[in-house]
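Read from first to last, the chains carry the letters A, B, C, D, E and F; within each, the first residue is number 1.
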Amino acid sequence: MSEIRMIDVGNKPVTRRRAVAYAHVAMSEDVRDRIRAGTLPKGDVLAVARVAGIMAAKRTPDIVPLCHPLPLSRVDVTPELDDSGVAITAAAETTAQTGVEMEALTAVSVACLTIYDMVKAADRAMRIEGIRLLEKSGGRSGAYTAEP
Amino acid sequence: MSEIRMIDVGNKPVTRRRAVAYAHVAMSEDVRDRIRAGTLPKGDVLAVARVAGIMAAKRTPDIVPLCHPLPLSRVDVTPELDDSGVAITAAAETTAQTGVEMEALTAVSVACLTIYDMVKAADRAMRIEGIRLLEKSGGRSGAYTAEP
Amino acid sequence: MSEIRMIDVGNKPVTRRRAVAYAHVAMSEDVRDRIRAGTLPKGDVLAVARVAGIMAAKRTPDIVPLCHPLPLSRVDVTPELDDSGVAITAAAETTAQTGVEMEALTAVSVACLTIYDMVKAADRAMRIEGIRLLEKSGGRSGAYTAEP
Amino acid sequence: MSEIRMIDVGNKPVTRRRAVAYAHVAMSEDVRDRIRAGTLPKGDVLAVARVAGIMAAKRTPDIVPLCHPLPLSRVDVTPELDDSGVAITAAAETTAQTGVEMEALTAVSVACLTIYDMVKAADRAMRIEGIRLLEKSGGRSGAYTAEP
Amino acid sequence: MSEIRMIDVGNKPVTRRRAVAYAHVAMSEDVRDRIRAGTLPKGDVLAVARVAGIMAAKRTPDIVPLCHPLPLSRVDVTPELDDSGVAITAAAETTAQTGVEMEALTAVSVACLTIYDMVKAADRAMRIEGIRLLEKSGGRSGAYTAEP
Amino acid sequence: MSEIRMIDVGNKPVTRRRAVAYAHVAMSEDVRDRIRAGTLPKGDVLAVARVAGIMAAKRTPDIVPLCHPLPLSRVDVTPELDDSGVAITAAAETTAQTGVEMEALTAVSVACLTIYDMVKAADRAMRIEGIRLLEKSGGRSGAYTAEP
């Protein structure tokens, strides 16, 4: 029979923890320019992506079934226009018994979905790509930094 | 001042609509084999990913700020192990005034985040990639099929 | 591999549908009398149970993974004190492609959990029992009435 | 015993409905000027207020216990700086069996709470005031326009 | 580009914090009397307002985008009929790194929206007004009491 | 006037707490055998019940109006086929100022509703029964074990 469980974190120490995640939305140059110019019909894409990413980070345990609830002390979502679309970085922090990778990854994923939604009428071939953990610290398993 | 708005869909016809989205989680071969064997500590990864994807599709308007609420008539989330990890396809359908791309894309994104969460203790360098729309039909703008 | 799916209701006709469910919380006579007298520390137990049941019915597709979202046109939750505790009946109605059994059953279940929560400091041996469908109508499979 | 119930709307006709609501956040001139200049520590107050108002409108039946779920076809939240703070107007539309007053009122209320939250470190004596329905149309009881 | 961020509270001390907020729903005398008499069609208005206010306080970080999640240890919502309608006071408490003003303000706002919803069929000219912080204590910036 | 309130837990000590709850879904032998064989149209019933129970435990304060929010450190939901249907046990743990009975009871209740939903097309006379607390420890009132 299928076994499915939350990990028991009750014996882990309460420590300060931080994670940073990254994602990218690839789109046509034309659309990227319209984001920069602020001329898309749904409005200020990057502002809405920030808000959506922050709100999603707070709801991570409602969205990802086996995640533990956490008192986030900070979430930062930073979208930046680049040559091929929008790059999103999100940092999450807590003082808790388990890490915040999923909060940072959920933040970047939902920020990308939000950009997609606001831009999709102009470009149906967009892609969200490269969602990954950039760095992580504060847990028992030591600090982690992704290879470049 | 920043303009942000939901598109008014009140004058669009109610039609049957369908969308299919795709995503992939790239991971080490070892971890992929442990998913297949069912030996990861959080349990049956693909079953939880299916459930998480379906539930997320239903909550899309809560997660993506400018999405319209929709009465989904069907959501299917299909994960498949491949050479480099897990590929996820999700199909969403409704009879409504607007399309279900965001529901299908949210389903695959959250299914990937769920896989990531259940596997992350074994592989911290995983990537979620290639999230995109495969096909779409039923709307005013005609059917769309992504180029291969 | 485990198959998990929402049923496709896209081809079912939109009809008016209704379901009635029942549940019971068994408790000591003393506690039942304190509910009647309104002297429990958390307050008016039956009023809170009604509100909790109605709100839960509306959130059924968020709580029960494979339920379809539905535009409920009516939910009624009726708690009644009896010899051995509190009996709850809930009626739900919609005009939709699928039935409202789960909405009625979720309403009575959450109303019972709410009563339990408000009373538990006074009686730790309570039981919730007999949760079942009393009647159902409006679907393709015809009307159903439970045997007494 | 306390009676609490959702109104049964199952026999009401499905019509196109619209409601507009208003609210105001009164604050010091200094703080209002800092919103205009964009120099408050939490960032672009009016953009976040728009997003929060739209998202809250969609969640009205989760927040207001006896509200019916509705497929909103449009929500618009418009904040404007004035002499004494920020005025918010929200318009909501649907095609349904019941009206959207509560959606419009929830949108303006949550937009105001969001402004309050983003500004509170700079002015603890703010007030939210004048929350009311400006106009309503599409229901059985006829159109309504508030007296000026 | 618009900057939007949650304040980082990770370096603030964990202290016991309390906030009290106030709001008022102004309505016709006739309607106020029907609330007192309990003869409105949706039922016991003040009981539902209490429950809605308490539940909304717990969901504040889901509703107000930049609010931190908090483990509330107490929420009290007290509605009182007065000459011109219903006055609501809400007290919220926690032991955390940040304050509970927004929880108390969200509680009174949603309690008012709930009253509005239950009464609106009888009086379309109601107003919610005077939403403000009455007192606050436990934070770095010292205690605050609103001027009368 | 009806008094309704959350208990103030602000003065209770933070201790490690645990609760275990039980419930049972009674169904026909035929349907129970189809769950075991995995031949029901919605798929792997017990896997979905586990996920639904875990997710519901985390959302207990959103579902049960007067429950305090809690940082759950572990939730385990274990369904087992028996002679007359499926028995569910759920264990919840936290380190907090109040207990986790409601989290464990909500987990078993929602796991049962999920089983009911997935099986209902095959058996409309199912019953959910015997929902109760099996054991509890860590609070001021001492450990509790239900009589067999």
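To be clear about the criterion, a residue touches a chain if its C-beta (ideal position, glycine included) is under 8 Å from a C-beta of that chain, and two chains touch if they have at least 3 such contacts.
Computed from a predicted model, the values in this text were never measured in an experiment.
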item: Length of the shortest touching-chain route, chain D through to chain F; value: 2
item: Where chain A and chain E overlap in contact partners, by chain label; value: D, F
item: Between the pairs B-D and D-E, the one where more C-beta pairs touch; value: D-E
item: Farthest-lying chain, centroid of Cα atoms versus that of chain A; value: C
item: Taking each chain's C-alpha mean as its centre, the one farthest from chain F; value: D
item: Turning angle required so that chain B lies on chain C, C-alpha fit (0 to 180°, nearest 5); value: 120
item: Distance between the centres, which are taken as Cα means, of chain F and chain B, whole angstrom; value: 28
item: Whole-Å gap separating chain A and chain F, where each centre is the average of the chain's CA atoms; value: 31
item: Residue numbers of chain E (touch at least two other chains); value: 2, 4-7, 44, 47-48, 51-52, 55, 59, 65-66, 69-71
item: Pairs of chains in contact (touch as defined earlier), listed by label; value: A-B, A-D, A-E, A-F, B-C, B-D, B-F, C-D, C-E, C-F, D-E, E-F
item: Residue ranges of chain B touching chain C (in the complex, touch as defined); value: 16, 44, 46-47, 50-51, 54-55, 58-59, 69-76, 93-95
item: Residue numbers on chain A that touch chain B, as the complex places them; value: 2-7, 23, 38, 41-44, 47-48, 51-52, 56, 59, 63-67, 101-102, 105-106, 109-110, 112-114, 116-118, 120-121, 124-133, 136, 144, 146-147
item: Interface residues, chain C side, partner chain B - complex; value: 1-2, 4-10, 61-62, 65-66, 68-71, 96-97
item: Touch list for chain F against partner chain B, complex; value: 44, 47-48, 51-52, 55
